[in-house]
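Below you'll find the structures, each written out as structure tokens.
In the two complexes below, chain A is the common chain; its partner is chain B in one and chain C in the other.
And then the complex of A and B:
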């Protein structure tokens, strides 16, 4: 028996690209972020073979968590096949040898840019969101030192002042993507630029959500079954984007988040933003036996936590 | 026993003077403040009684504004104690509060109007929003109640309500001061600090703002400290005056007494310099 037979075979890269130290750093920070829901934990963000701003934060979290038995799904604005999603998926699969899928229900690890899938995620699933700007107080104060003090004091008055100004000037809340939420009644958190439609999906969710900003070197988490409430007044309520009257052009599905597609005649048609879900609907219509999960919003547009969205 | 005692002599029922019976609302002892080698305040003692207006006069650099910043808990003191007789913090040295408590104190119990509106207002937030800010800080989360309260406070400071949704940077100087004043009194503070509130205004606007201050003083009886180098303003508003020079209090007394019959050489100079 020789020494080389006893050793693990030499490889060009560590399993899942990141070296052991980087993974340990990330896993420790992830544990801390889960322990303090909504709190931004600083971490040593590594260089990756993609540029900062293209999902390095989410990718590092995915790579530090992925194991041989995982099934990975990657989405970009709801789409599994966009360039960014396809590249990240191929990289993760090549570096870790995992199966990939576009089926939300089959995935154990979902890395996403700007969307939460329409089908209700279940226990044991992890949703990793890529975050460009983790600081919800950024617009209130340019100083990060002061922002951290405000978080420490739970001094979030300025966020409500913003809402007040929006109502006074525009008659409604104008925050679109990245609408701030209060996590576990303590920290105000930016949920990454998901549409308001996806915002309530984080509330008392069965899955774990991890949010990571690679350039800003901050990660934070929403553990399973945690209260996540959008900021609103007692008498003026948070509202999701209305999908009323929109119908998916392929499947006729309604009351899901739609992409608007401009037409030559000046009108528009709509297409489901969550293409994995759309794909399953199409296959079912073609007579295939596809397992469809329950969705966060039912066919009448009602949210699955009754009473969470006030009107 | 009582049958044999002589009848009680009839006495006039007069209230004893407030300064004798009331405990001071604000009490400060030995306030010190240094900026490097410059001593801005040395051993300043201060008592202000509930409902009273105290004027602080003195030339530029005499420590008036520093004193006000200390009383507003904006700056730490280099020595001395400061207490306000308000429910949760009565008897405590306010310089020893932590950051959180200090904020509570400033939001709930102290209102301030600065000479420069930039210091007191958010210039890119509407006037109503500026007033609502203070109520939000105090925990109000109902839009309609915020709106109502902002309207009431602005009305009390005689701000034209048609401009409630205008930005302060689009308002005149006098109106900006009225927004500051509304913000300061929105929560009915125990202590109102006025730092040269009318100094940047022309004489006619100044007179109208002073009228408003005078009326508010009559109506809500808030304890006020007003800093000014303008003796006319001090004479109009204050009950009692202290005169400061080089970080010390050189003379104090009733407003009329100090301004009409100054004892200290510096005060005499100050009063006579006034046309």
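And then the complex of A and C:
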């Protein structure tokens, strides 16, 4: 028996890159964020070997949660093949040895930038959203100190005023992605720059959503089965992006979030933004036996929580 | 292992290969050469990378072709993988092994003005002859007497003369209990330790830009450099069992203290950093003093200064704009088109009454 036989084999890096103290801190902050839905929990935020602002917040959460039995999916703008998604997936797999997938149904952990998949996520799945700016009040005040006070007081008058001004000036709500939501009837939260199409998917969802901003050092959560309501008036309603007349150029699918692809003649064609879903539709058209999950919006464009979207 | 997708991975792998091929081979002698011949660049990468390791900093510079932001990121990312094993003993100004210390506040100071190594008073002329022949520096003049072990602090002279309050007597600080900006999220108003640590790690150009804005006219004051120091600091540890102090080596550090006359008292501003970097420590010391003011110029706000001079966060966020944003852009386009359509429908209603094109109304629904 030698000493080297008794020792664990030396490793250049900890499992899943982060050292145990960093992971412990992150897990504690995640638990706190789940306990206070929509509340931004500050955390130290370690530097990772990818640039800040490229998903380091989401990546830290993923690395602190991932285990050998997980299956990880990574998307950017809905696309598994996007270069940064490919890079993050490559890094997670390299540092943790997990299986990766493009199938939403098969993933236990989904790290995403700017999209929620089209197939309904189920209990036990975790969606990790990368967040550039966690602060929905940023346009009202650039100061984190003042914004924190406003959250503490639930002082969101300026958000309602902002919506009112949009209607007065433009006749419509003019917010694009990152449309603010009220979580659990307490905290106004930025859902990260997901399109408005994806906002309702967070409401009373079966899965856990974790949102993490590495550069800004804040993480927050939407626990399963929590109310998440877009800010809207009783008589003027929040509207999702119109997919009216849009048809996926590969599969003919409709009523899903489409990427608009500019054409040389000045027109546009459309392609499903959720490429994992598109991939399954294509394979099914080619006669493969593919398990398709139910989607948040059905083939008529109706949302699965009837009555949640008002018109 | 099942690997999800290959297309994107091949593309990024090819892009990195091309970058490395253009930069040429990485050789040990090249890395050693950087460490020996570019000490100020190595210092800057260590300070902003928040990791004192000249060899690794030289490697980071070599590996990134001299892209300082990338080199700093390499150091910070490496830093995330190494555990913190121990804390060095605290040191004070007078413990430093000083090679240069000057004060602009007095013609002469106790211990004397020590010019040390500097280009301050030289002609900034390109030595073009070095393009064809080796230019060997002259041998420095022998010292007449050995340098003293330490130099007294100029601020202590102010204190003796009642111009500054005495140094507060605090318990010997326990390093492990000090607020640590790499382990705690920063909140404002920040503990003094967080502020000084953030300035020590801050990006030199950012600190200079904000400091210069303040110096040039957006500040309220024109402080005086009380003392600027370039020095070596002993890094001393205590043995965890015996408690015996032992040296781990020496680190190059720089520090600057500025002083301002407030009519009935003096006030100080301070910044120190790893490596020798006078521009950053002078700018940082000015900002340290200004950040206590109530006046709301951005360069006087601690939150503004500390957030926006963070080397890795600012550069990383800047380059993230290269990432695809088509989903968010399209979401904005949808809102814009809706506004235009609403205007159009209203205009038609006004002109041709109720019979608005049904297609428009459908699209709006």
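Please note the rule applied: the second predicted complex is superposed on the first by the 311 of 311 C-alpha atoms of A that agree within 3 Å, B and C clash if a C-alpha of one lies under 4 Å from a C-alpha of the other, contacts with A are read in each partner's own complex, and residues count from 1 in each chain.
As a working rule, a contact is a pair of C-beta atoms (placed from the backbone, for glycine too) under 8 Å apart; a residue touches a chain by one contact, two chains touch by 3 or more.
Worth saying up front: this structure is predicted, and the values here are computed from it rather than measured.
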item: Combined model on chain A where chain B meets chain C, clash or fit; value: fit
item: Larger contact residue set on chain A - chain B or chain C; value: C
item: Chain B versus chain C as contact partner of A:248, first or second or both or neither; value: neither
item: Partner chain(s) touched by A:195 [first = chain B, second = chain C, both, neither]; value: second
item: Which superposed partner A:233 touches (first chain B, second chain C, both, neither); value: first
item: Which superposed partner A:155 touches (first chain B, second chain C, both, neither); value: first
item: Touched partner set for A:170, first chain B, second chain C, both or neither; value: second
item: Superposition-derived minimum Cα distance between chain C and chain B (Å); value: 15
item: Of chain C, residues touching chain A in the complex; value: 1-5, 7-9, 11-12, 15, 73-74, 76-77, 79-83, 182-188, 301, 303, 307, 312-313, 315-320, 323-336, 338-339, 342-343, 346, 362-363, 365
item: Touching residues on chain A, where the partner in the complex is chain B; value: 149, 153, 155, 157-158, 160-161, 163-165, 167-169, 233-236
item: In the complex with chain C, residue positions of chain A that touch it; value: 13-14, 17-19, 21-22, 25, 42-49, 51-54, 56, 73, 76-87, 89-90, 93, 97-102, 113-115, 132, 143-145, 170-178, 193-197, 215, 217-218, 239, 241-242, 244-245, 257, 259-260, 273, 311
item: Residue ranges of chain B in contact with chain A within the complex; value: 99-100, 103, 122, 125-126, 128-129, 132-133, 136-137, 141-144, 146, 165
